[in-house]
Structure formats: C-alpha cells, structure tokens
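Letters A, B and C mark the chains as written, and numbering starts fresh at 1 in each.
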C-alpha cells in the first residue's frame, strides 16, 4: 500500500474539498467509536472483507468478524489496566484512485490516559488506508498501520 | 450533551464541507485567542449566556462575564508558574441540528510548555459543544469538557 | 509576520472551504515529505527565494538551496541518533491577502520517536507562513517558527 501510493504519486488525483471533508468526518467518527468501546459499530467502518495489517503484528487480520474480535480483546486488556486510549489521525494526504476509491496516508497518534494519571503519547504511527465508497459513506477495505518506533531506522 | 448527541446519532444531519470548514476555522481562532491570553476576545466566542461545564469542576460557569473571569484566573496562575498552554482540538464530529445550530464532539489536548523546559501532554479531554450561528459566524452556547483521566474507567 | 497578521486581523479576509482544504492538503504533504527524509521534494514546497526563520536559530535561512542544506544536516543528525521526527500542524488560521497570497498561523508539534523507544512531544511551536500560489498549488515564501519553550514568559 505505502509503496503503491508512493510509486504512483504523480498520477493519483488530488481530491475536492468535499471529498477531503468526507474523509476527515469519517475518521473522526471512526476513532470516536473505537475509543468509546463501541467495537461493533466501529467494525462497520470496515468492509466485510476488510484487511487490517500492522508492523506490530505478524499476521494481518482479515474480515470484519476477526477485526471485531481483535478490537474487543485489545479493549478488554486496556479496561483491565484502567487505561483509556484516544486515537488522533491527522496530516491526511488523500488521493483519488477513482470516484469510489481513495488512498489516504495519515499520521496517527495513540494517547494513553490512565485512570487518575498522566496522559502520554503511547505510540506514533502512519496509517495507509484504502477507502471505498459504500452507499453515501466510506469504508476501509485495507488498513496498514506502521509504528514509528519499529521503523525509525528506515528514514 | 454527550448523551443527546449519541441518542440522536441516527437522525442528526451530516454537514456540508463548507460548514465543517467554518467549524474548523472557528476552533483554530478560538484556541489561538485563549492560548495568546486574549481572554476578552476569546470570551466573545461564547454567547452572552454561554455555559461552560467540565467534569474537573463541580459547578458550571454561566455567562460570558463569569467565563472571562475564570479564564483570566487560570491564565494568571499559569503565568505565575511560567507555563504556556496550547489547546489542540481535533477529530471533529459535526452534526447539524438546524441551519443555525450545530453539535460538535471533538477531542481536545492541552499541551503544557514550561519556560525553558520540556513540552508535555497536560490533559486529554473530549469537548461537547453546541454552536449557534451569530451573524456570519458561530458562538458556543454550551460547552462540556470531560477530562479522560477522571473517566477512564467508564470505557 | 506574526505582527502583521495581528495588526490587520480585522481586514484580512476569511477564506473559502476550498482554499482551507488546499492549505490542509499542502501541509499534510509538506510534513510527510520532510519526515520521510525526502529533503529535495520538501524544499520544492518553498519558493526559490523562500525564507525560513526560527526563534531557535539566530539567522534566517534564505533561499531553497540553503533550506535544503539545513534540512539535510538536521536529518543526518537525527538519523545518527536513531530518532524519527513527525511534524503535526494543526489549528490552522488561514487569511487571504489576495487571490494568490495567504497568511497562515498554525500550531506545530514535533514528535520524537527513538528506535525501539517511547514517543514524546519534542517541541511545541507556532508557525507563521506566507503562502503564494504557484501554478495550481502553493509554496511557502516566508516561514517563521516560534518555539513555545523559548517564549513562554511572553504570554
């Protein structure tokens, strides 16, 4: 994904203000659902056959059911430790592949806030998404999250 | 506020790119005024009868005069410690109640930067705002700030 | 720059959603290029005679060639320490001077992520930019970065 976005940088179209806005709104709602623990509603923001890859995990998670399961497990582990996460996505570079498909490379920060404690930056990542139009909204068909602390040597 | 936003999630309208942009610009200016210590100009971004509630404070602050006073007190306490705050609002979920009224749920981070020292994340919060159209701009009629460290157990 | 932006605040025009979007996209790409070490491509986002000033450095850097050189030196110093930087720009206040010239005051955070280590907020700054239209895009003709830790006493 990252590679393909970069390879074709010159030919991928810039998007309109309206599409950029749609993507910003999509991410705001997606992250708020995740951080509120509304795991099923969050998973609905992926396509049914969506793929979630991350350099922090050896094997990609495939399909919405598996994505829900992974999110719920992560959620329960956090709750057991009394920690809340807040996901911030920013610096969105949105490219149109077609009317119904976008590539978005963004930065994502995860903040960790322990109950009664000090908020900290948990991890800094990049997020490479393929979004596809579904009805009048968007879903993630492919997400690749790259933690910076695991790749800092690669420039 | 939070509750009403969630209860009616299905029926609240999505907003246009233009409205989303107006809200982003409004917050950028509002936060820059606050962080620059321009307390009176900042307070003008609230309605005259605006209400500012926060789970960190037992009693809501009602009316612009009281909001100015609270902000000035906070400002002076920071100045005495040689600390600057920077407020970042992001992940804006904007819903239209009517042409002249918006509900916005966002994330807000407060960065603290001591003179000659290291910037840190001071607190992570959510911000639930009611915005009303005034002239060709917007004002906050109701703000509710929820510090995550005080609610981390609530999922 | 800062001063002129503030002095004329009342007369500088609000921009359209489309311009605001262009600026957001511009910064996303600019920061991603910098953080990816694509120094030459990053420098192309400045005008040939662009000026980069910062309160952390005594002398402004003038011209794209000097800007490239400075960025490469900074990049190599980071690489030698195994640290990645991520630049986040936010809270964009965009003002139109004319159809072809914008003033933008934003907040910028630099995150530092050491290889195998913990991400932290490196510095918090404000960024005052003059953007000029070049072809169908924008370039920075003047940038002034103010580190908050060096000015925290100035309110």
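In this text, a residue touches a chain if its C-beta (ideal position, glycine included) is under 8 Å from a C-beta of that chain, and two chains touch if they have at least 3 such contacts.
Predicted, not measured: the structure shown is a model, and the values here were computed from it.
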Fraction-based call for chain C against chain A, same above half, different below: different
Between chain A and its twin chain B, rotation from the CA superposition, multiple of 5 degrees: 120
Between chain C and chain A, distance of the C-alpha-averaged centres to the nearest whole Å: 25
Overlap residues in chain C, where contacts from two or more other chains coincide: 17, 20-21, 90, 121
Chain C-touching residues of chain B, taken from the complex the two chains share: 17-18, 20-22, 24-25, 27-29, 31-32, 36-37, 79, 82-84, 86-90, 111, 113-121
Residue numbers on chain A that touch chain C, as the complex places them: 14, 16-17, 20-21, 90-94, 105-107, 109, 121-124, 148-153, 155
